[in-house]
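Two complexes follow with chain A in common, the first pairing it with chain B and the second with chain C.
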Partner chain A sequence: MNFSFPTVTLDFYISALPVLILCLGAISAMLQSVFKKVGSETAVFGLQIVILIGALLAALLAPNSVETAYLSGNYLTGLITQFGQVTLLVIAIIISILFKDTWLKAKFFRGEISSLYQMVISGMLVMVSSEDLITLFVGLELSSIGLYALLGYTDPTRKSQEGAIKYFVLGSFATALLMFGFGLLYSATGTMRLSEIVELVPKMADHNWVQLGALFAMVGLGFKLALAPFHLWAPDAYEAAPTGITALMATSVKVMIILVAMRIFGGGLSSIYEVWMPALMFLAVISMIAGNVMALVQNSLKRMLAYSSIAHSGYMAVAICAIGNLGGEFPYAAVLYYLIGYAIISIGSFGILMWLENDQNDNITLDNLSGMASKHPKACFALAVFMFAFAGMPPTVGFISKFFVFNAALKANLVSLVVIGIIGSSISLYYYLRVIVRMFMSEPVKVAAPLAPKNSVIVSLVVGVAVILVVLLGTVLPGPVMDHLISTSLEIARN
Partner chain B sequence: MPTSESYLILATIMFGCGVFGVLFRKNLILVMMSIELMLNAVNLVFVSATQTLGNVDGQVMVFFVITVAACEAAVGLAMVIALYRKYGTIDTDFLRVLRG
Partner chain C sequence: MDFFNSHVLTLTTFLPLLTAVAIMFTPNLAISRWVAMGGSAVTFLFSLHVWYYFDAQTPGLQFVEEYSWIPSFGIKYIMGVDGLNLLLFILTTFLTPLILLSVWHIEGSKQKAFLSLFMFLECGMLGSLVAFDMVFFYIFWEAMLIPMYFMIGIWGGKNRIDATTKFIIYTVVGSLFMLAAAIVLYLLHYQKTGTYSTNILDLYTTAPLYETQLWLFGAFALAFAIKVPLFPFHTWLPDAHTEAPTAGSVILAGVLLKLGTYGLLRFAIPLFPEAVATYAPIIVSLGVIGIIYGALTAWMQKDAKKLVAYSSVSHLGFVVIGSFALVAGGNQISVEALTGAVYQMINHGISTGALFFLVGIIYERRHTRMLADFGGLAKVMPWFAFMLIIATLSSVGLPGTGGFVGEFLILLGTFQSSPIAGITASLGVLLGAVYMLHLCRKILFGPLDKKENQELQDLSPREFAYLTPLAILAVLMGIYPNLFLDKIRPSVEHLAQNYKQYRLVAAEQPAKDIENVASSEQSAESAGE
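The block that comes next holds the complex of A and B.
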């Protein structure tokens, strides 16, 4: 047995400051909910925003020039981890501001929600900064368990309880699959560090247990990313969750899992890509087709966006395949660009849904949207821009990011995936454009609970900025942003 | 003495039983027990690997897996109890409001 205590230095505390701040915030929110009375939610909420902004500053200022591993490789800092942390924290801040009204509406004191929220975010930060299977597992579970609770607890109705239980059962199932894969990889290689696994795996690539371990790990991550045919929980969980949590599941969880998948498949297991790549290609194809086809028949907007997120996971999986086949920094940068674009579009459209919702109706359908353009022209215009962007029409970010991903796949000779991706995109045009047609060209339909959204400065601001970014990232910004992402990805790209 | 391979085969069989339970059991408590069985198969893999490799990382992982399994069971049982108190059933067939 060889064992030595890892040295804990001041540098480690500085680079792990975002996580530490969030943990302190989570504990303090929990204590506040013990000591404070009903009515002080605003104070807890204010503190949550301050904590999140503090963590964001700490993440921005953390030293990142050289990729450094702390605690004998358990915690990693560098450009990619900084990119992940900053993205996750920005998303978390915007979503918690949008989510404020749902959260403060509760009849009894809900400091725990703030606490859970901050724990989920800290788990995500740990996960993107991990290079070691142990830290990765702890970060994954910290974020998943908090999300199970947030989903069922915020608004306890039969629907949300059902969604929470489905998400919980399939999420824990996925964790167990992922861990079984990690266990097999560990028993074959004898190390938990991805940077060591990448060197050891080629020597035992024909070892059956290694191949089985890689496949189990891929299925586990596929469940978490909602790749078809492991997507069955996603529409139910998305529909059942309060829309703020749905937005978190659609954006942050995808960012986190894709960054980890880049490390595992682009780094640790890249040397045996012949083993996992056919399986991942299969998942990508099924996701792009099933997600887009199932979205065609949905009437509820949240369910439609859930199926569309399955299809978008498929496009991101295409980029991961390109990473495995091609190497180099371009596919990494392409998938990061796709993530940024997808997160902005999702936050914008879920922001509009949150703004439209009220107590009687928390599930916006196409009938609700019919003829809405005459009453709320600006919101409808913004939603139309987001739908165009989801569908991948120029001049929005959706087009450019799909272009980068398919370009990377073509360079890696994955022509069949690109063809299926383009077919999937053209199917998706139907249901995205249907939303626009219903808003602008249909007569209003009589519904039981009509929507009467109030004007809100915060929502207008967030949605406005999202629209501007969607257009800018599709027209003038792709060059500079892509250059930046390429230099960011240099540190994890193998050549 | 059994080889490390035989431990892995035993763990795979245990894991398979767990997967079978999650997929085919109708009672939510039994589904959660099956998930625990899967996580225990994972623990067996890590412990047996540690025995063969002479490396403590696997044992550290086992502690984390046990702790996290307890947290998961706490959250999961809370959900199941909430469901039972309100509707008097924990059958998976009851979960059919969300469809499509």
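The block that comes next holds the complex of A and C.
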């Protein structure tokens, strides 16, 4: 390994601009708590939005035509990286806008929280744009540690500490396993770069250590992705977190981990897929079954969505198995399409939950929703669209993305996984429909703290756009979007 | 006119959707009623255009529209009509305005949503009838469940939530397995030809291996059997029918169930001809059991609506045995039975639709559907009695009504195929007369002894307006069947011919060729393991 100081060019600074802007924003937001008087009530929030939009512009404009590795693979540019960065930043912007009210409640910590938020996002950006195991690890830690803090710290009035501690303990355990796996990979191959590992592994006479490393890495990523049986933290953490942070965990974290898993398993370790694929298949099956079955008995919507997100991680894991088995660009594109759809549906549903919540009640249950359709028909209509989309009913994006994933899996001869997926989908239909039944077909139930949401232009806008996208991506847009994703995937697809 | 001719199917299918959206933006219920009626009436006129310019001599697709939709997967937007779906297409557009008329008087803040959902449902049904691309079809096929789900769940009776949940979960489970089977077929087609295509006509040529066909046919048949519903998958139907509002029951019996039998004819039979021969005895047996079981259960019902619902199970059993009446040692499908099956679909839509309307009419007046609460209504409601008797006679298949033509053709084919099935099914015709006349006797005749019944109003002009077209059609289909049969026959003959051709080729084909395909499939499978 070369320990000389790497040469840094202007190109690198230009392509790393999104991360650099976010770090700058994080540092300046931190200064607000030092000079309390300087930052007014909303200035820090405004700065956060400006920084995020700036980073988004930088990510959109970054050169992407050729995949380029800077600092010996520590930072990559290219279409996949750009896809990940743009997706993460768009999600981050929408969530921080939706989250503004809760965030402004945290009077004393405003600067720190804004700073943490931006650090989390910058860690995620690093994560999706690196092929160096150490840098991946640094990015993961940057985002995870920030998330632990955000979860427990954002809203001092709610009892989120328990969930935060649970998430922290299990999360650090997972990170340790991941680190151990990476260490084994390094000790076996002598390199930290995935692009070198992929060439070295097939040449090795004996790759037991690589196999062990791959399995440890899978367990670590599985924890973060909340694949069963490593999912135990997810429902508690989802419920404990302020809903905005829950939305971030449900969407951004999934995007980040899936992209990394695609790079590691689809790219670096693809030659030993016989080893890791059965394990991942096992995780996928358990997730699809356990997630959907456990969701059946939930009364709290956030817990229900947590279990449903476990099941959806399972579907994405199916597609990653297909990548391992099949190669080619189709399964990659299928995963990316699924991610986009899932992120839009999640943001929309969490947006509605955030809108319904108030100080007395920030854990919406099915009882709260009972008979809501007569009072808030538009919100209920939107939530119904999202529920149908989660359940994979046409004409929503949920169906098309499930179709792509099943298609990839059947092409890779993973018939059993598809059958389990179908059974899981059928089970899931019941609990998604239950939300609709409660909203549209039941009488209101008397609850202690009735909900009285105010009209909000921002929420209407975000939810409205999400509804339109959910329908368009299920009907008109799949053609062009899929073409784009396929050309994006060509970059990392092996043939 | 050229533009109109080449896009008429798209326009007809999506006009209801546009109407549904427009209804959401109307300021009050009165306007939305007119918008709905206007939209559905224009839709009906468009479909008459298709009927008028449909060339009865051509067995293939007409009014075809084809555009690329998801090019990287070879998925297309394809629409077309032939003899199999033309009449169902028009039945749908014909029933919709009548149903809208039947709910004209219903007030309430939710009624606007009902009209909008109904138009959405019409779009789903029309789309799944004319779609000729597997994925495109599937989207309509499933999307159609959503409005029906809400219609039963919001406007239904006491157990509406259980009924509607059962309805949607049953149907979706079947459909998901069909989806998986369709994807497998699509991949097999790719293996064989090297091009991705979900065009049904392309998939027809796939002809997978016999063992594969058995699995795939099973998945397809399950989805359609649940929809039909074929015994023993029928358990959702009586619940859904009983709980659904009248409009929902009419469209459910009128069109939705037919999509199951249509799917068998359009997909299951031509896609997997070898499996058909293997499965036909099982399916015909189930159909016959359904006929007898449905009839006996209907006879035992105390609730008029449940009676009509079980009569649907029985009648659709006829359609199913008509579709699978194999003759000549399983190498040919009986054209008569097949024609009868298509004809009976339309006829059942009209007669059962009318019966549900009529049950709805007395339910609105008396808020009960129990047979024991009625009796002697013929004295106070003579016109109602007249309509009920026409619908009943058409339903039992009296000569001179459409039911006779359909059942006769089906039984003709079935007798050639399997005399036992034919005899048992004929027993079903007899039982049909028993329970339907039982219904008539209980409601219309006997002493007018209940006080509430003595003051019942006869049909209002609005009720006349939507029952008369159905009554006329029921008789017209009986006395001049060729008007409709001519349009059906070429496509049915084409389907039967293709089946025969396939069986001939399969019988003569050298074993070597099949082995080649087998080994390539096996190697693909072993690569996966």
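Quick note on the criterion: the second predicted complex is superposed on the first by the 481 of 495 C-alpha atoms of A that agree within 3 Å, B and C clash if a C-alpha of one lies under 4 Å from a C-alpha of the other, contacts with A are read in each partner's own complex, and residues count from 1 in each chain.
Rule of thumb we're sticking to: a residue touches a chain if its C-beta (ideal position, glycine included) is under 8 Å from a C-beta of that chain, and two chains touch if they have at least 3 such contacts.
Just so it is clear, the model here is predicted, and its values are computed rather than measured.
For the composite obtained by overlaying on chain A, chain B and chain C can both be accommodated side by side without a clash. By the touch criterion stated above, A:Glu162 is placed in contact with chain B alone, chain C being left untouched. When the two structures are aligned on the shared chain, A:Gln298 is found in touch with chain B, with no touch to chain C. When both complexes are overlaid on chain A, the residue A:Gly152 reaches chain B alone and has no touch with chain C. Rounded to the nearest 10, the angle at the Cα centre of chain A between chain B and chain C in the chain-A superposition is 140°. Of the two partner chains placed by the overlay, neither chain B nor chain C lies in contact with A:Val467. Looking at the shared chain after the overlay, A:Pro235 reaches chain B, while chain C stays out of its contact range. Of all Cα pairs linking chain B with chain C in the superposition, the shortest spans 25 Å. Within the complex, the chain A residues that touch chain B are 1-3, 133-134, 137-138, 141, 145, 148-149, 152, 156, 158-159, 161-166, 168-169, 172-173, 175-177, 179-180, 182-184, 186-187, 190-192, 209, 235-236, 239-240, 297-298, 303. Chain C contributes residues 68-73, 109, 135, 138-140, 142-143, 145-146, 149-150, 153-154, 160-161, 164-165, 168-169, 172-173, 176-177, 179-180, 183-184, 186-187, 524-525, 527-529 to its touches with chain A in the complex.
Those residues of chain A lying in contact with chain C across their complex are 325, 330, 333, 374, 388, 393-395, 399, 403-404, 406-407, 410-415, 418-419, 422, 425-426, 429-430, 433, 436-437, 440-442, 474-475, 478-479, 482-483, 486.
Contact residues of chain B toward chain A in the complex are 4, 8, 11, 15, 18-19, 22, 28, 31-32, 35, 38-39, 41-42, 45-46, 48-49, 52-58, 60-61, 64-65, 68, 71-72, 75-76, 78-80, 82-83, 86-87, 95-98, 100.
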